[in-house]
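Below you'll find the structures, each written out as structure tokens.
What follows is a pair of complexes built around subunit A, which joins subunit B in one and subunit C in the other.
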Partner chain A sequence: MSFPWANEYKPSHPFMQWMDDRLPLPRLVYNSVGAGYPVPRNLNYWWNFGFMALVCLIIQIVTGIILAMHFAANDTVAFDSVEHIMRDVNWGWLMRYVHANGAAAFFVVVYVHIFRGFYYGSYKAPREMVWLLGVVLFLLMMATAFMGYVLPWGQMSFWAAKVITGLFSAIPMVGEPLQQWLLGGFAPGNATLNRFFSLHYLLPFVIVGVVVLHIWALHIPGSSNPTGVPVKSESDTVPFFPYFIAKDGWTVGAFLFFLAAVTFYAPNMLGHPDNYIPANPMSTPAHIVPDWYFWPFYAILRAFTTDFFFIPAKLMGVLAMFGSILIWFLLPWLDKSPVRSASYRPLYRKFFYVLLVAMAVLFYCGGAPAEEPYVVISQIAAAYYFAHFLIILPIVSAIERPDPLPYSITEAVLGEDESAALSPAE
Partner chain B sequence: MIRILSILVGLFFTVALAWSLLTGLLNFELPHTVEHEFHEHPKELHLASDGAFGKFDRQQLQRGFQVYKEVCAACHSLRHVAFRDLAALGYNEAEVKAIAVGYQVDGIDPNTGEATTRVGMPTDYFPLAFPNDVAARAANNNAIPPDLSLMTKARHNGAAYVYSLLSGYQDPPAALPEDNRPGEGLYYNPYFANLNLAMAPPLNEGIVSFGDGTKSTVEQMSKDVAAFLVWTAEPKLEKRKQTGLPVLGFLLFATILGFLSYKSIWADKKKKKG
Partner chain C sequence: MAEEAVTDAPELAAGDGVRRRDFINIAAVSVAGVGGLSTLVPLISQMSPSADVLAQSSTEVDISAIETGQAIKAVFRSQPVFIRNLTPAEITEANEVAVASLRDPQTLAERTLKSKENWLITMAVCTHLGCVPLGAGEGESRGEFGGYFCPCHGSHYDTAARIRKGPAPLNLEVPDYEFVSDTVVKIG
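Up next is the complex of A and B:
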């Protein structure tokens, strides 16, 4: 499960020895985030975002549990209970602002984490399971964030709940009853708020469970690295402790600095002003938009404006929106290139950057009103998005000629690797 | 096999999008509304509470409160604010009590249990301007005056918006199309989203007289009430900004220490120069 040169746990205190014989918890920690876990020495900063995501998850759970102590999941008082938290609960405003901006930060971090995977081919064998669990995590995060957004029961909460559950009504035959079943009524109401609160409290712990599997699966082959060349010898790795604890530690500090800067000095920057207006089923906001981290997918949803043969435009949009994430599940099998890292894949690299641009465009259009020119622009970007994963990637990986790879990680870092020489150097 | 299927699915989505795109281009039309043309962004407003070191100007908040109390409160509620909160504006205990006593709030007759009213106490919240939405509509030409507690957070650039709106009533420009001219009971205001507002211009020069001698121009009153509503929307604003600085200072310090220890731990693993 690890490399043969991994350090072995040696209890230094009789109590630890006693513990190790009965419940080897210290050994588990030592072998997963301690000196017993060898990690490629050449990981760059893009590999720090997984650890940051973990920190985000913990922040969300801690602040969320405290908020839940003061929040009332009832449609008549939910909005007021949030204001009670902001005004009367000691440090309540801090908990709420950290939770709201922390959710946004979590998504920033995870988007970077995912695009790291696209660039460095992290989804390829032998890490397919890490990737698949990652996509499951992303879906769970989206469900959790969506339901959390509904809880303060402001205008955007209500109307986002209505629009998003309304997507299900596009499904033929069962659509309408399905939407009513999800909402617990014909429109979002107390039943909706209650079940969303229940699930919003539950899902983060499901996420914790899947994160454990994600990291477990990762620790079988160990992390990949920017060259994509597998670990060959001890000189390719360094122990997680102290090397990566130190590296992850200082970047988490920098991350918290940015999170605090936004939380204390622009806490409502990423929110929508309409959510400070209590939910009102009789008054539709001019532009209904979900939180910003859903914008690319919202843009894809709205890009389908014309019926396609017998398929209604709305159904196409819904299929495409869910499909746009579900196709990530296929990635390990669509990209057949034996080379992982885009640093050695000149052709794929170009398309990767086009994908980045397309994604940025979709982000922008998803937050804009559904009018021209945004619709036309998002149609082009969305078309590229699907073409990239489903058409370009399989073809590129078949025809591309990769650049020569370094012999080993050690050679990539130091310029030479003694074990590579045919006869050992003096 | 999977790759052939994927290419087919990819074609399905891209062709459907191309189809949408084509129809979109054939009917391409940039949106044009009169609101787009005549609507104006809020004027600039600088308040003492702006910026990382911002603090409320308590004198101004008191003036703003006076404007709210004597003018806005006739129609607009402030339901998230309690009289006790006013201590933050610099009023002492006796003054807060005196303000509360000036209001009648809902109560119960201690002998019969019947609904009645009693004088306010510092723990009470500002009473609602109307008992319910129906009454509010009936008194306001079928429009509901919104609660003001969170107004400056419930609009983009809220404080400047409130200030601009209150001081921005004007005669409709000559070029304004007939359909967009204010109808019965509506007033032209370019800072309002659909240009016509059901609120009559509430402020006139001298409508309140400030205890601190400040001249009560429409400009001044609009600014003061905007400042007051920044406070009602976020009474913890000052504390937030004050707490932020030491937190950021600490995190910066910790991050630098972390970075230095990272450097020294990794020193023997980096490629040696030369």
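Up next is the complex of A and C:
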């Protein structure tokens, strides 16, 4: 679907006309990311992060395929093959540093993209499916990132594999056999490394597939916008090409500047020195933490230290950690306010910022050692995190009195001036 | 009315609208379904521990060099095992704990072999998420209860390697083992 005033694809070159009659792929591109896709004219910079995430995915796939040409997924040589990439392969160091820091950058971009959704109510009808697919993408990203982290087979890799598969051992009855099945042994070994490599290569292409669905679902109602007011007329939109392609291009350039700065000047800033020690099943590193992008969820995992009625503390922590992300699936139905944008929701806006603070606290505690006071602090923050979704959101959407909404996007941009409202977008 | 009912009922019982084709459909889909599902067995089972991994199922360790109060780490199924020679004080400490108050109630006697109560042999795998706890090496933290301490998520084990504090749900696992001689123990 698109708006009736969307530009129509009219190929002028005879070959393109011939093509359009047989395989209308250029038409699809034109209508999806070209001049045939009308976009609200008032999108702010927070809307640029979806396109940046796509660029990140492409960078990860290209550098990843190159690394796979030089990497050996065998526990006796994997660590050495990574050093071979770093020291001997032409430009190997660049590929690996871009891939490792690119993964972190991907998460930065996606976190902003998700919080854009939280703030502007992007998950609300009619875009629930866009949101649900987005949560699926985030889960796939986390699985892919985890398995990629295991591949260099350093100390942090090995113990990440052990601890994360250990999460599944918390499941009653089937937990331990399940963990052995996942690892292909009693502890992480060659079988684990091999299957993680296989899946780490597969999942990015699954992500590509779900991204296509994510964009498809988005293009049914079209993009939301900072006012949350639906598009009413042609003057509310401008075509995606050239306007937003140009705007996205500029932020991609800025993003690449930061990625390059980290890659060239602080390539190990986000890594752990212990991962330059080959995997040793006999000794756990003193301070074992996942990469920073998992810290908030890791803090929730560790917040459960005592049994909860009949549920053991370990299982409770695991359930809470997975639940803290799975709860996002319910978001469209927990927040019942008909007003999308937090710009017009004074009460929700306050709680949005409190949630940001709670996430920041969890983030900090997740990276800290499992000691007091971090345990108590993460318990409080985790309790607030769940309360935000399960208690605060439903109550706020019931009692809140939203600010008056503008009549249309055009009015929000140009004011109530009559001539402004009538003037076409372009 | 009565006559109609009599003539209708046998027809339904006999035919009931079931055709030969329905039987063929159900039979074909059932066979294909069972066949399709049974291919999942090798597809899933291939990920389980392979024969060579399972073959490393027992290991023998010489414990003659372990002095009272010392502990070592051995390897069993590519996982570390603690072998610890408890001091009399540590044995007393473990026996003084009220068993009912424990998260995973077990006595030291239940976790060791008879007349070999000073030899505490447990997996060196935290029952929380599988890290190797500290406490075997010289100068390592033994936690608040003098046994082992897992640095990953802060689980404290006592001198019988029982969970006392932190997120781990169970005591350190005691593997099957036997004393081949006074100085050699066979694990597995």
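Basically, the second predicted complex is superposed on the first by the 416 of 426 C-alpha atoms of A that agree within 3 Å, B and C clash if a C-alpha of one lies under 4 Å from a C-alpha of the other, contacts with A are read in each partner's own complex, and residues count from 1 in each chain.
Following the convention adopted for this analysis, a contact is a pair of C-beta atoms (placed from the backbone, for glycine too) under 8 Å apart; a residue touches a chain by one contact, two chains touch by 3 or more.
Keep in mind it's a predicted model, so treat the numbers as computed, not measured.
In the superposition on chain A, A:Val413 makes contact with subunit B only, not with subunit C. Shared-chain residue A:Gly209: touches no atom of subunit B or subunit C. Contacts of A:Val163 after superposition: subunit C is touched, whereas subunit B is not reached. Contacts of A:Pro346 after superposition on the shared chain: neither subunit B nor subunit C is touched.
Once the two complexes are laid over each other on the shared chain, residue contacts for A:Ala382 go to subunit B alone; subunit C is not touched. Of the two partner chains, subunit B is the only one that A:Trp333 touches; subunit C does not reach it. Once the two complexes are overlaid on the shared chain, A:Phe186 sits against subunit C while remaining clear of subunit B. Look at A:Ala286: by the touch rule set out above, it reaches both subunit B and subunit C.
Ranking subunit B and subunit C by residues of subunit A touched puts B first. After overlaying the two complexes on the shared chain, residue contacts for A:Phe304 are found with subunit B and with subunit C alike. Within subunit A, the residues touching subunit B in one complex and subunit C in the other are 286, 304-305, 313, 369, 371, 375. By the touch rule above, subunit A contacts subunit C in their complex via residues 159, 162-163, 165-167, 169-170, 180-187, 189, 191, 195, 281-284, 286-288, 302, 304-305, 307, 312-315, 317, 369-371, 375. On the side of subunit B, the complex with subunit A involves touching residues 2-3, 6-7, 9-11, 13-21, 23-25, 28-31, 52, 80, 85, 146, 149-150, 153-156, 158, 193, 233-236, 239-241, 243-244, 247-248, 251-252, 254-255, 258-259, 261-262, 265-266, 269, 271.
Contacts from subunit C toward subunit A in the complex involve residues 44, 47-50, 53, 73, 75, 77-80, 103, 127-133, 150-154, 166-169. If you check the complex, the residues on subunit A that touch subunit B are 41, 80, 83, 86-87, 93-94, 97, 238, 242-243, 246-247, 249-250, 253-254, 256-257, 260-261, 263-265, 267-268, 273-274, 276-277, 286, 303-306, 308, 311, 313, 316, 320, 323, 327, 330, 333-334, 336, 369, 371-373, 375-376, 379-380, 382-383, 386-387, 389-391, 394-395, 413-415.
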